[in-house]
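This is the structure I want to talk about, given as structure tokens.
Should a chain be cited, it is by its letter among A, B, C, D and E, assigned in written order, with residues numbered from 1 in that chain.
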Amino acid sequence: GDPADAQTGDGTRPSIIRFSADSTPKIDPAVITDLVGSVCVENLYDNLTYPDETPNLATDWEASPDGLEYTFHLKEGVKFHSGNDLTASDVVFSFNRFKTIGQGFAYLFDTVEECVADDDYTVRFVLAEPLGSFMGIIWHLYILDEETVMANIVDDGTYGEYGDYAMAWLLDNDAGSGPYTATEMVHSDYFLASRFPDWHMGWEGRENAPEQFQAIYLTEPSTQQTMMANQELEISSPWFAPENYEALDEIEGVELAFTTWACTQYIFFNTQAAPTDDLNYRKALSCLLDYESFLGPVFYGAERSVGPVSSAINGHNDSCTTYNYDIEQAKEYLAQSRYADTYQDIELECFLLDSAPALEKMMLSLQANCAQVGITMNIRKGPWLTYQEQISNPDSAPNVSTCNITPSVNDAASVMRTLFGSATQGTFENPTWVSTPELDERLDTAVTILDTDERNAAAMELQDYVMAELCASAPVADMANPYAYQSTYIDWPVADYYNETGELKYYALGMDMYMPDISIYTDR
Amino acid sequence: MDEKLLDIQDLSVWYKTYRGFAEVVDHINLYVGKGEKIGLVGESGCGKTTTMKMVMRTLDERGIKVGEGSKLLFGGEDILAMDAKALLDLRRRKISMISQSPMAALNPVFTIGQQMMDVLKYSGQFDKHDKKGMLDAARKAIDSVMIPDPDRILNSYPHQLSGGMRQRICIATSLLTPRQLLIADEPGTALDVTVQGQIHKLLRRLVEEEKRSLIMITHSLGVVRELVDRIYVMYAGNIVENCDTAELFKNPLHPYTQGLLACVPRLTGGGISAGIYGYIPSYVNPPKGCRFFNRCPHCTERCKQEKPGTYMAAENHAVSCFLYEDKGPAKERGDGHVE
Amino acid sequence: MSNELLTLKNLKQYFPVGKDRFVRAVDGVDLTINHGDVMGLVGESGSGKSTIAYTVMGMYGMTGGEIDFEGEVFTKETKRKRSMKFRREAQIVFQDPGSSLNPYQDVRSILSLPLKVHKVVPKNEIDDKILEILEMVELPADFMYKSPNSIGGGEKQLVSIARALCCNPKFIILDEPTSSLDVSIQAKIINMLIKLKKEQNLTYMFITHDMGVMRNVSNRVAIMYLGKICEIAPTETFYRNPLHPYTQMLLSSIPVVSEEDETIKPKAVECVGEIPSPVNVPTGCSFHTRCPYKCERCTKEDPVMREVEPGHTVRCHLIDK
Amino acid sequence: MLRYILKRLLQGVFVLIGVSIVIFCLSRIIPGDPARLALGQHATQEAVDNLSKQMYLDKPLPVQYILWFRDVLHGDFGISLSTRRSVTEDMKQLLPATFELIFWSALFMVGGSLILGRAAARHRDGILDSIIRVFSYIGIAVPSFVVAIVLLVIFGNLWQVIPTLGRLSTGVAPPDTITGFYVLDALVQGQFSTAWDAFLHLLLPAFALSLGGMFQDARLMRSALTDNMGKEYMCVSRSYGLPEKVLMNRYLFKPSSTSVITVMGMDIASMVGNAFMVEQVFNWPGFSKYGANAMITKDLNSVCAVVLVIGATFLVVNLIVDVINAMVDPRIRLGGDL
Amino acid sequence: MDAAKKKKGFLKPSTRENFCIYWYNFRSNKLSMVGLAIVVISLIFAIFAPYVAPFPEHAGAYVDLANAGVAPNATFWFGTDVTGRDILSRVIFGFRGALKMAVVVLAISVPVGTFLGLLAGYYHHTWVDTVIMRMTDIFLALPSLVLAMTIASLMEPNMTNTMIAVTLSWWPWYTRLVYSMATGYSKEYFIKNAELVGASRAHILFKELLPNCLSPVLTKMALDVGWVILLGASLSFIGLGEQPPTPSFGTMISEGSTYMPDYWWMTAFPALAIVFVILGFNFLGDGIRDMLDRGKQ
């Protein structure tokens, strides 16, 4: 079981998609939050519906009118990789496991109280309060084979009779029913998966889908460049700097494709620490950002953000208040601020994640512009953990920080609540410490609205409100995910769409590399 | 007069130092007859070891310069002109030298046995595979220098032996194969008097038994008096006096020799003479004239400016000092010897 | 007798090597040095001469016995402590001139250390005092700013002597002060020492292995072998009539330069063997392994010091016969 | 000899315990809740508490250390916060890769420096000597990560004759694990093409890692050789008429090697550090990369384990060096003046 | 005392004369002169960076995206980085950080290490020796890069902490060096003599022992400047070092290396700068060693 098996003896290309991973992927659906993990899990496991709410394991579903119960009818005859049949009890088991472990995306299911198997092929989710975007989150629940999981638990774990819930085992193996099955996990090196012949969707019409895919742990851009050039890598990382993509684009047979996960780059202000605790001061800072200039050199293929919610998200407000680069305006705001007289003496603390070198350009530019109006800004670079630690407390949180956030739900109201609600206060999604009870109330109400249009209207209103009245963060760019890929021998719908339309298409995390959709031509 | 075995003619040696060339041996003439024992006496640093290492050609050729016209004749053959093969032959069969410092003369990481076997192996006296024969020869050599339990010694490393033992091992090694000339460079200086005496006696026995020639290097006049037939006194790279042993002690002529003799403390008491205080001059810029002038009680202006020749002050007694210019004829190069 | 300056009683100095094994460097030494004496201490290398000196000076905590310096008594209990008076009045000149001067100090600071520590002169007169001392040892005044690296061995030893003279001492231990020097320089140093002794009223303990030097400087001689003293005698008597076989061996092995000297050397004994390791001291008389006269008794019983004539004591069974 | 080794080993163990205390304390006194940091901010409090308990974070520091140390003695370094796997498992898998790399680098370094050093000493002040001197300065001054980048660019982009990335080419199956050293394992199992491929992959990273040390040690070897050439025993041995070759290869080489061996040991040990960067550049799936990652992500258990393993490696290398030295030099082996 | 000097008609040989001898010895080695030149240039760069650099503002917060990634040309001799900053200017400013680091690290670790080494060496075979040397062993049980990395990574990553980390991994080397010398010198007679005379401990440690141990320490220090810079660069390369926008060699190389080989100048010039400094200090260190060795003769 290794890539050699996929290699045909006559010198043609192996039917494999190799893509870059920024860490060894975790393939346990209960713990993943990252891109590579999502890609792998999406290909190894099945969910009730796909993220775009098309049927997968569930053939159809209905919600109770009060929005507190959702019932799903499962497809029959679905086989796990182990050969076991998939039934409602597996769904219940998977849900319980997800909630009990409490990591990964489990927090999205906070208000989902329980999952009940009404019969072998019917499951019902019971909610504590209505959740407008329930159908938007249900795809995060992947279904595991109860029997396989329970056969592989370590007994003295922390979950009582469930031992360790097979968490150790599931790091290297899968218990899913998805199109691919885990073949080999070499930690700190690669993860390899192969086609599952009995996949319930069937392989007809997808004969050219890769036999295998491999997530390779790669960090250095130069390494990937070399590998792309040698055709040892099919899809590059989406995290590089623009210069790298330009270099990659020049390699023969390699082209670029852009997608979006609705990821937005924000500049966050700590609204509790001087001087960013002053609204006008924050507005001034918002005016000191030269938004347009970042789009090419910093955020490759990105668009200027309008409001805190990405334009790819349902419920995005296109006419939200925005701030533009305008030094004079900034000076005016400063003059109105509480720090009109003293702002030149106060040093701004800015935190920059060391993992994304391109962001440094943006912060340096802000630093330079600040200097123009007399504000001194100190940049400190640090790793993710330090950042998390600092923002968890309003006293230690930096005045200015920057981070991109990928919504896990395609719903503006939920996104707004994550960005500004007190529940997430002090996390990387909401490091501004701006939440107030009344804001909370408005957000909470918005998410419970069941009707999509009404919910979106409320969300739009909120978007404008936070921009105009709070200005706790400055959304900079709606990011695009650039990929370099081997265009000569793979057909990738993601790329095709971009090449045809020139537009960014939204994909839920992991969906852009859904392997059954990709075709690879071993003879090209 | 018997045949000259080794005849050093007009030898000059310079060391390359970072200050410049140091002329450590300055045009010296010296010979040893067959079966003769001569002594080379002088204070430390006067060039005795350098001269003798030159004879063995074991000085690093890169670090020295040899004066033009220097000749080292061994049995009529010039050592300086020898090729590598001839040199090996010279070292293996004809001359051997006992080092000054027994502590440093043995390779610290090989056993005595290994080192002796190597010498035997390459001496050409034994068949390469005749381990037993070589071992016996090594044992015999150790026996001959009066060390008990040769087998234990052969398996010991140098640091496990005392200084006296090491010195004896050095002697034994240099006598492993028959040689015509033995150069002993201050054997025993590093050792205690009682041991030193034994070593000297041993040496004398070994030389006399096999009718070898000996060059005894030392800074102790007492030692040469007991051991050798003829003495060369060396000072700062020059040979200043040369005569038979008895003559030297009866009638020392050179002011340096006189001074040296005077300051040897006597067992009979009577105090010690004032000595010759001061130091050997620098070799890099040696004095133009006599190298002893700055310590000499008889120093004149001429001594400072002009090098004294070698004068035959008496029969068989050559001195290199202007005081004796009138006593005997100056000798031309090569004739500075007693003949 | 108030004439005694230094008395050693049954002095012992062992050094541990490994477990339960000792180097018996000094093993029960009794010695008396009177005011104005030059006590010569002779012996082969490793016989414990330096160790006696160092123990007296307090460089080691002694293993046993007693040191009495003008009534001040040092024992095992006093460890390495010495009174300031002792430190001022007893000085030592070391064996190796190369290592006894700090190469990174000039002569001036080397000499001023004892002056400062013992406050011999007021601070502002230190330089004058140094010049005075340099003059005493006949070194030119510009030596003051020379570094030990730039002067010869003999001059270094003179500086060491000068340093010992700084505090106007009564007693100086000279540990082979000339053994690493050429004879021509040795003569100068020894003459200097003799002169200084007269001028300054000093008492010496003169350690050497050169019997010739000993003859010319000391008035009493002690011979050491393996940590023990085997013969003590006034110099005259000693050279005229050496009694201990080892002493005879020592004397006979000296290369001499004149016929007169030759006559002094005892002819009867021949040198054999080497001094045994002080870790494994032979039983009985420690010299029996090399002694030409050894008998049964020697291997079993350790002889004691016996006075044969006034001032001449020997440690040998032969004397009993 | 055995006693000597045991004694050194015992000393080493004590040093290691010291290292473990220092590192453990350092790693636990950093601010913040490691469990929360590891699980992210969306994880439930229960999940965080579970992890804290697993890592003994709820206990006072000395107790934490003792419990941790007890586990370590059982071969359990705890759970890695970033890979979520047992650190011991991670290490088992990654160590061979790094050790293989270091092994070959060491081989290159030792072999290269001995050969070059001897050649330089023999042709003292000649062209080769000058070249080695120049390179030794370059070796000192050019950081290994720069060498690595340069090699990667040359062989990865410009002149693709040697593979640059990973341990094996894609499509080549790793040999069954015996020692974890691919070349060795493949050879033992008769898979010569795999062995060759693995060897080719080793070439560049090993070279990058060994380059500096190689030339420096060559220079050291040269100076040790030339120093000892002037020693009295060389002069004496020469005067016995031993041929130059024997003098050079035997009488000069052995005593000269002791000082060089010690430095070589230190150089090999410091390769463990430099491997951190070289592995990164060549995408070598080794333990140093893992360690660097652990440090940056504050993966406490992994950091402690990595540091301890490096310390142990260091000690073992030093021990081996001492043993070799003792074998070469009887004065160390048998005790005595040096 | 001056009177005494005059009376005798001699003067203390001036330190200048000594200096001349040393200088002569130093000068006779060409490489050490090259080293000295490099060091002087580096120092000039470090101290006068704002005046030497063609675009001093590029060392700070400066963005010129229009000029980003420009290859070396007449205006930007070393090209620009992806933010449009002049590499030459940043390299020149890089000397600042590098030398600052070296100076701070050595200024702390050398005195501390030396003092501990002196103590342990003088009190050889006592508990002082044991405690100090076991501590040293622990710190030396890890390669200095690994130790510094560990310490730096556990603390907040910034320049100060990096310096602390490097210092912590640096002092034991001096302790060990001085220790080995001090144990040797403690046996020498001049130390014994000072003890016997009754000099104070401080005098023996600092006036007698210390000067003897100083010259290897000095040599090592000169060589170590290069090593510290290298270690600092390695740490920055991994991401534990100088904060933006302050330029540092390691960060520049690591950033540049992600754009290899297309933007080679972003890596090449900072790398050459490191090589340049390290080479310079190594030449200088070797020169000082030779000089001191010869001075002794």
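Just so it is clear, a residue touches a chain if its C-beta (ideal position, glycine included) is under 8 Å from a C-beta of that chain, and two chains touch if they have at least 3 such contacts.
Values in this document were obtained by computation on a predicted structure and should not be read as measured data.
K.L.:
Using the touch definition from the top, what's the fewest steps needed to get from chain C to chain D?
P.N.:
The distance in steps between these two chains is 2.
K.L.:
Based on CA centres, what chain would you say lies at the far end from chain C?
P.N.:
Farthest by centroid: A.
K.L.:
Let me check something: if the centre of a chain is the mean of its CA atoms, which chain is farthest from chain B?
P.N.:
Using the mean of the C-alpha atoms as each chain's centre, the farthest one from chain B is A.
K.L.:
Any idea how many Å lie between the Cα centroids of chain D and chain E?
P.N.:
Taking the average C-alpha coordinate of chain D and of chain E, the gap between them is 25 Å.
K.L.:
Please compute the C-alpha centroid of chain C, do the same for chain E, then give the distance between them in whole Å.
P.N.:
49
K.L.:
Using the average of all C-alpha atoms in each chain as its centre, how far is it in Å between chain A and chain B?
P.N.:
Chain centroid spacing, chain A to chain B, equals 90 Å.
K.L.:
Enumerate the residues of chain A that touch no fewer than two other chains.
P.N.:
Those would be 220, 222, 225, 383.
K.L.:
Could you list, by residue number, the parts of chain B that touch chain C in their complex?
P.N.:
Result: residues 43-44, 162, 164-165, 192-198, 200, 219-223, 225-226, 249, 259-277, 279 of chain B touch chain C.
K.L.:
Which bits of chain D are touching chain B when the two form their complex?
P.N.:
Going by the criterion above, the answer is residues 124, 229-233, 235-244, 246, 250-251, 254-255, 328-331, 334, 336-337.
K.L.:
Which chain A residues qualify as touching chain D in the complex?
P.N.:
Counting only chain A, the residues touching chain D are 2-4, 7, 14, 18, 23-24, 26, 28, 31, 33, 101-107, 158, 167-168, 171, 186-189, 217-220, 222-223, 225-227, 229-230, 232, 383-385, 388-389, 392, 424, 426-428.
K.L.:
Once bound in the complex, which stretches of chain E touch chain A?
P.N.:
On the chain E side, the touching residues are 60-63, 65, 68-69, 82-83, 156-158, 239, 243-245, 255, 257-263.
K.L.:
Show me the residue ranges of chain E that touch chain C in the complex, using the header's touch definition.
P.N.:
1, 4-5, 8, 10, 12-13, 188-190, 192-199, 203, 207-208, 211-212, 214, 296
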